[in-house]
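Handing you this structure, nothing more for now.
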Amino acid sequence: MTTKARVAVIGATGYAGAEVVRLIAGHPHVTLNLLTSRQYAGKPYDHVFPALTKCIQQHCEIFEPDTAVQKADIFFLALPHKTSMRVAAPLINAGKKVIDLSADFRFKNLTSYEAHYQPHEEPELLKQSVYGLCEVYKDQILKADLIGNPGCYTTSILLPLIPLLKEKQIDSKGIIADSKSGASGAGRSPALGTLFCEVNEGFKAYKVAEHRHAPEMDENLSIAAGTDVHVLFVPHLVPMSRGIVSTLYVRCNENIDEKRILDCLNTAYDGCPFIRVLPEGRLPNAAHVRGTNYCDIGVKYSSEQGIAVIISAIDNLIKGAAGQAVQNMNIMMGFKETDGIDMIPFPL
Amino acid sequence: MTTKARVAVIGATGYAGAEVVRLIAGHPHVTLNLLTSRQYAGKPYDHVFPALTKCIQQHCEIFEPDTAVQKADIFFLALPHKTSMRVAAPLINAGKKVIDLSADFRFKNLTSYEAHYQPHEEPELLKQSVYGLCEVYKDQILKADLIGNPGCYTTSILLPLIPLLKEKQIDSKGIIADSKSGASGAGRSPALGTLFCEVNEGFKAYKVAEHRHAPEMDENLSIAAGTDVHVLFVPHLVPMSRGIVSTLYVRCNENIDEKRILDCLNTAYDGCPFIRVLPEGRLPNAAHVRGTNYCDIGVKYSSEQGIAVIISAIDNLIKGAAGQAVQNMNIMMGFKETDGIDMIPFPL
Amino acid sequence: MTTKARVAVIGATGYAGAEVVRLIAGHPHVTLNLLTSRQYAGKPYDHVFPALTKCIQQHCEIFEPDTAVQKADIFFLALPHKTSMRVAAPLINAGKKVIDLSADFRFKNLTSYEAHYQPHEEPELLKQSVYGLCEVYKDQILKADLIGNPGCYTTSILLPLIPLLKEKQIDSKGIIADSKSGASGAGRSPALGTLFCEVNEGFKAYKVAEHRHAPEMDENLSIAAGTDVHVLFVPHLVPMSRGIVSTLYVRCNENIDEKRILDCLNTAYDGCPFIRVLPEGRLPNAAHVRGTNYCDIGVKYSSEQGIAVIISAIDNLIKGAAGQAVQNMNIMMGFKETDGIDMIPFPL
Amino acid sequence: MTTKARVAVIGATGYAGAEVVRLIAGHPHVTLNLLTSRQYAGKPYDHVFPALTKCIQQHCEIFEPDTAVQKADIFFLALPHKTSMRVAAPLINAGKKVIDLSADFRFKNLTSYEAHYQPHEEPELLKQSVYGLCEVYKDQILKADLIGNPGCYTTSILLPLIPLLKEKQIDSKGIIADSKSGASGAGRSPALGTLFCEVNEGFKAYKVAEHRHAPEMDENLSIAAGTDVHVLFVPHLVPMSRGIVSTLYVRCNENIDEKRILDCLNTAYDGCPFIRVLPEGRLPNAAHVRGTNYCDIGVKYSSEQGIAVIISAIDNLIKGAAGQAVQNMNIMMGFKETDGIDMIPFPL
């Protein structure tokens, strides 16, 4: 047996970080060797997440770059924006592989990042980073040291749209993305808006046409389309813990129907183990991908309006965060793409 | 004290029927005098709905027209499509007021009804019926004997759009309605798809561009617009019991902004006690109207795409069914429009 | 029309306070004249609770005793323990009626209060206060100026047990109360444990045999039994917003059966509009009392073990807090006991 | 690589059957070779459970004994009581390993089975069957051909109590089991009581002291105690999909405390990979075992009442059904006990 690669999860006590920890703990080729958390430093990890009793034995530590680089070969950063870029720099300089779950390394366009986030302190690093949308940028991910892991909403929107834009099957103008997410997307920090009683039996839109995932979508859709794309992105909060469903409304260029759209998607994702293009007449459900790294895609074309309704579903914490991060690691490290993330969906 | 008008609820053991029963039981000017149910005939109503113990003392009876017309002045029909038209006829002939919650009397256009439902057996009655969208057709409701009570989704879509179409504030082409409903919309008959475990922690679209509420929307939007309107209607199922949120995407005709849209809505609904046009920056939430007859409407305009996002929320069983039915009764009978349906929303 | 009594809600922006506000806003004989909140002072109340848009027009104010006594005749205090006693004193001295929803005036036994809470700063006021368990202490409530409104769990346990202890139908030793509460019982302050994702799809016991409602139960059960009673109280958290179900296990003294227990309860609560003793074979459900002031009670006797299982259900925010508080006001003020709280339960 | 053993799931389209299918599909040493379903015969399995698209390729077949014995070596029966015994007989006669998830082979005491179910048609088979409570009857399971897989509630109650009764740490009289289960326990057949709207925001007890799992508990607890045990068993329905929490009230024999109870449990379950005895001060939560084969156990002793509160949590579909069934297979077949069921819990 070969030595397993050592993994560190920096910021291990948010929802995305904990999901990385869980997936890494079950991964056949790596071993979890460092967990950091400012808030819970010194505490056993299973005191923070009692579900993981007997499964994760480590304590939370404070992130300290010099020590960290001794302890791990691969770093997952599940930190707030801005903190991430500061943490990433010394790790990259020490020759480590870094997969960053924040927005700090997701943008090619520095101006766009700075307009929606803050001044970037590591623009050179940003240039060498690769956007970790696995099925689309796999060739670059293979050679990357630093991955900007895509946003959850963004993943659910890019995966169905990019092949259709590349193949000019749909109009790049007027795209509408009506997305719905479970509450875990809002994170683990206590806040009034994510209390059980505020979410349960409710449903609402928020940040309509103002969400920071939109420029991330636009950048990648524009690359695919070869022209500027501006999505109208409207996120909603669903009373469930996990899952994103995006309902996409796109105008179609010519004599199109469901079959042609499905063919285009099937061709694009042939051999991709985590994309399930559903047959005609079937549509995704957040429940069907819960706990898995799948992205399900279904299509319905309305000839009356000339609009295709394309619907995708992912688990926001897995394909939308931790699972895609592990998939990126698998690609970067030459593991099998499905290692550690080949969960079979729950039938309910 | 004057004599109270006597009410019958025909088909009292579905969700909508039970909600009519509850509202009528708390209404100041009417008394519940007949409850019918084929399935539960002979059973005390509170055996069917134990929540109503001590509140509703009656037994369920079999509907028998000759007896029924002796027992009540106002009839609410909460029956399946087709059954309703057959039950309505003898009641109308006997000079009763009838409010029908099925689709049987919602259409002006017989062809459209027959295309989406079945042959209509009472086309003459259909002609004299009035579509009971209270805030829009109040003048006709005042004089009506037979009301076709609007569908739940339809209500949530017509109320925000009709004034904007009438005032030519929005383009009548390319309207998209992305609607989300709680599970009670699917009714009380046991079915796999509405089992707790099938709905909980899931989210899905269904009947995309195929739902029978769409022609009902189109008919009324076309009247308002003075031209043919075809909405692209995409319903979704939310893991909650009650509530509909509709996110409407409409192109705008010219120099529009949120203020102009809100002004138009505020003008149209001035004096309407159940429409709450939210101030700029505020958006509806299904939780805020739960258990009430309110329709909340909020607006966000995206100048980048030239699309207004108009969002409405109702309780599907109240404003979308039983509450609007009682509101129709109030208008028809000359009661105060809010009688019996002036519930204050729960803060959570 | 006579002048309506003026009501103040002090601490109006927690869940219990907001529920008092809602009930008072719909009450026929009082008017809401003052809302206070330290956190939201100066803000329109409907910005804090958007559900109440158009229903509550006031702004939140800072509580200032001299002003407050000018503005209202009846004060509901929905404040943290300790804050309450300090606020109550000047109001009582000014001759106002005060209904306190905290624990500060619930105990006859000063030692017990101080053991489980903190030193009491107003022991004289405590002496003159009345424990507001409406159905049990109505005679004293009628004449009271200061009410200690019972705890939510406590209400669900005292109502079924007090008549049975008084009538010596059950053994006062070995009583077990296994209670289950929705998440609103934990309040509206953001906390990790009440985030949607922490509560949803989970179920757990907490503060087993350590909850501060137990001594409140013991004091009142001991009075009823005429001997010391110590309940073993085990609360659990249910993934729902509202409701408490308490499953009580009591040994029975002699030849007992369901009928005798039900007879005892029916006799005790004859004429009490909010107690629904269910017929043999029927058991309560939190859903059946949601949004109402009812306490439902059902009984099953197991002859094999000689134990009666007595089950109660209330809405923790209504009969367990705001509704009982309004019921206390109704009794104190000579209103009809059901005024403003005669809601008919939702059929679902 | 050796040949994998072939598995059949008979009755594969209920919730428990589907969960067996899912676990078998991910198991390293067996292969799924036959799926049967009367209702869905001929349909692709992923049409019945769309979540399993791309994961399960088979069609549902009709169970036909002669064909079935050709297709598989190990049979999981997820059938209704009575059907199971008829299906098991020819399989056992053909020398197959059978794990039955119904109650048909759970009882040693034929009279008890027949009193609570129906006449047993295979009493000889019943005699040779082994009760599949893995941690307790492992020695017999090792040699068994026919397993009666324990009931879900029963598992959650036997695992914590059996060691304590064996070691005389608790009184065998007066045991109370207050259990709470998610809705999947009621199965996948459409029924009014398990509709989303009937379960959501509700909580209720049912079959109080009348549930058929009680005699199954009694039989096994009596064996452990060496004397007749009669548990008072009160099940409740929780608005969640998966999970059982059992709160057990037991009187203690002498100078006991939490430490002694925990020591006894830790000793009994030393080396058992699926039992997590929680340290003092920690209590189980259904959420912490969801999706896993763990049984978590926590303890709180109340010296005031001399009662120990012992709380267990399992996933009813896994440790309470399919997971324990696979664990039984692992033991019978000499696989590693955790093979295919070593899932790491979700942090949320």
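The letters A, B, C and D name the chains in turn, as written, and every chain counts its residues from 1.
Keep in mind that, in the parts below, a contact is a pair of C-beta atoms (placed from the backbone, for glycine too) under 8 Å apart; a residue touches a chain by one contact, two chains touch by 3 or more.
Bear in mind that the values here come from a model prediction, so they are computed numbers and not experimental data.
The pair with more inter-chain C-beta contacts, choosing from A-D and C-D, is C-D.
The mean-CA centres of subunit A and subunit C are about 46 angstrom from one another, to the nearest whole unit. If each chain is reduced to the centroid of its CA atoms, subunit C and subunit D end up 39 Å from each other.
Centroids built from CA atoms put subunit D at 36 Å from subunit A.
In subunit A, 15, 182, 184, 188, 197-198, 200-201, 239-242, 285, 287-288, 348 are the positions where the chain touches two or more neighbouring chains simultaneously.
If you draw each protein chain as a dot and join the dots that touch, every dot ends up joined to every other dot. On subunit B, the positions that touch subunit D within their shared complex are 15, 182-184, 188, 190-192, 194-201, 239-241.
Residues of subunit D touching subunit A in their complex: 15, 18-19, 21-22, 25-26, 49-55, 184, 188, 200-201, 241, 276, 278, 282, 285, 287-289, 291, 296, 342-348.
Touching subunit D in their complex are the following residues of subunit C: 174, 176, 178, 180, 182, 197-198, 200-206, 208-209, 230, 232, 234, 236, 238-243, 245, 247, 249, 283-288, 290, 300, 302, 304-305, 307, 309, 311, 313, 348.
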